[in-house]
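Next up: some structures, all given as structure tokens.
In the two complexes below, subunit A is the common chain; its partner is subunit B in one and subunit C in the other.
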Partner chain A sequence: MTDIDEDPAAEPRLVDPKLLEALVCPVSRGPLSYDRAAQELVSERAKLAYPIRDGIPIMLSDEARQLD
Partner chain B sequence: MTRDPETHFGARTVSEAEKPGLVQGVFTSVASRYDLMNDLMSGGTHRLWKSAMIDWLAPRDGWRMLDVAGGTGDISFRTLERINKRGSRGDVTVCDLTEDMLRAGRTRSESERLADQLSWVTGDAMQLPFEDAQFDAYTISFGIRNVTRINDALAEAFRVLKPGGRFLCLEFSAMTVPLAQKAYDTYSFNVIPRIGQVVANDRDSYQYLVESIRRFPVQQQFGQMIEGAGFEQVKWRNLSGGIAALHSGWKL
Partner chain C sequence: MRVPPKNTVDALGPFDRALWRKRRDRTAARFADADFLLVETVERTIERLEDIKRSFPSAAVIGAGNGAMATALQGRFGIETLLQLDASSVMAQMAAKAVPDAVTLVADEEALPLADASLDLIVAPLTLHWTNDLPGSLIQMRRALKPDGLLMAALFAGSTLQELRTHLTHAEVETTGGLSPRIAPMADLRDLGGLLQRAGLALPVADREIIPVRYANPFRLLTDLRAMGESNVMRDRHKAPLRRDTIARMLELYAGSVDATGNVTATFEVAFLHGWAPASTQQQPLRPGSAKMRLADALGTDEKPAGEKAG
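Up next is the complex of A and B:
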């Protein structure tokens, strides 16, 4: 995936990179990895993937996807 | 069989597990008209209270602030405007349980040219998604009343603040003159849900708001809870005779 060739209007809103640095998993307080393609923040420790919708990270365990 | 611990949702008793969803429902329902409703409900007084909050906060240059339950961005915009007026800079992260409130705030921030100083994240005040000791200030304005376990939210506020960090909370409170409290109760229980019905077509949400105000601990009791979380130099100021109050504390 490249950013350059895509129409900016069609590009989904991206999450603020400064914010990503400060975020941790609210359940485990462990680190998060950013899955840009899936627009998810993945907590390996809690086995949860938090969605990013329209550039806003949804850091609620109720809304997170359970990982196997 | 274990029973869920119970808590309050306005005047109703609900299970603790149920409350966040109910609160989210209220704010999703009122998001688009929230600022207008605040004006109507308080006769514009909430603007004076928020100014008083920023005065006491006295935001400093280069601050990183966390505004919890900051929804539509009122407190964060005022803080940034105060800092920017001095030709300086600051950053605010807005954290709210309700996604739609954040979207409303973000749209507003774009029209006010503050977007690059703000970050928006959906999160729970009782389980903040931030590292320890990240922020110079933590603000919460008309939000802590809606938190299921207030002590948990205070502990989280303490955790994410840097040493030397400031806690400041604006919330409805108890009037210092009992007769005035009685008149205010009559007004709020009878008039506010009707305004909610007319303006937002949502009487129940505003009924909840009114009832939750009455449930909230009074000034001194709330001050003790803040001290209990580890904050020092805890002080409060009454606004409009105690209809609202500001509580301040420091992580030292």
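Up next is the complex of A and C:
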């Protein structure tokens, strides 16, 4: 993916804790936390980090990064 | 905690979901060329919502497509927070551009990242017919709804592409002497109604719109189906690839079915499914024996004691 389309305006909405509360990890159904530096939504319970690309979280288990 | 094996359902179901996603990615750029059925579905969904007298502060669109549904929903029906989800990341990017105020996510209809009881409205236009586990998807959506939240799903069903199915069957038998799964089996409206109930949705309603589409050339139908991301992703599709002469014969047979206006018809049947997450405030059936009025009075007839023969 290029970063030409990167839209920083889409970011602050994600950080909105109320919004984050409405989302869960699709694998464990556990809570998610927002890692701003890595641009990931992290599921501690499933040990998966879902990438955010161009301001869009990719909530697919086969696109997620496995955490140790 | 044990992580369930990936794509368990996927490996068993009739559809190759990864391929479906890839097709949706690839077709996103030309989706607008053939989005008329989505446009139609959006219009009819909005009409139905206009008849419902309540507001839906938090809403989600599952199957965002090009953002047509979210565009029609935003700022209406009391919606304050609007999410749109699509399984294709390219499609999701397109939807995000179309509706910058919505929160856009890439997510699988069969593994929704939505928290329990978090939404007042879920609208799912025209992707659920490709799920391997439709009951599972409906249950996930019901769980994501707050009590008295509304699910409105639309999916291809019943007689969809019946003409194509018939002509292709004849053409394939004629040219190859056999048959392969070419067009996905369509759910029956009655079965879909039952699924709503099984998913735990209250006051379920399943109805349909038959949308006949006329084509001067049946080849254009195939182009449109591809642009819609509706080409065959059945797991068994590669066992016997569709032969060129079979397609040619199918087009010939299809072209032979022109009506008085010189066009052929492609039927699309869109099933509209509505149901509410159960809530104590909803109308409930009365308990047996709690009647306040005699049935005989309501019918304006005489009540006869049981065991006595009528008339």
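Here is the rule we use: the second predicted complex is superposed on the first by the 49 of 68 C-alpha atoms of A that agree within 3 Å, B and C clash if a C-alpha of one lies under 4 Å from a C-alpha of the other, contacts with A are read in each partner's own complex, and residues count from 1 in each chain.
In this section, contacts are C-beta pairs under 8 Å (C-beta built on N, C-alpha and C of every residue); 3 or more make two chains touch, one makes a residue touch a chain.
Just so it is clear, the structure is predicted and the values come from calculations on it, not from any experiment.
In the superposition on chain A, the chain among subunit B and subunit C reaching more residues of subunit A is C. Judged by the touch definition given at the top, the superposed model places A:Lys47 against subunit C, while subunit B stays out of reach. Contact with both subunit B and subunit C is seen for A:Cys25 once the two complexes are overlaid on the shared chain.
In the superposition on chain A, A:Met59 contacts both subunit B and subunit C. Overlap of the subunit B and subunit C contact sets on subunit A: residues 19, 22-27, 53-63.
The touching residues of subunit B, when paired with subunit A in their complex, are 20, 91, 93, 97, 99, 102-103, 106, 119-124, 127-131, 134.
Across the interface of their complex, subunit B is touched by residues 16, 18-19, 22-27, 29, 53-63 of subunit A.
On subunit A, the positions that touch subunit C within their shared complex are 5, 7, 9-10, 13-14, 19, 21-28, 32, 45-48, 53-63.
Across the complex, subunit C meets subunit A through its residues 1, 3-4, 6-7, 18, 58, 81, 83, 85, 87, 89, 92-93, 96, 100, 103-108, 111-116, 118-119.
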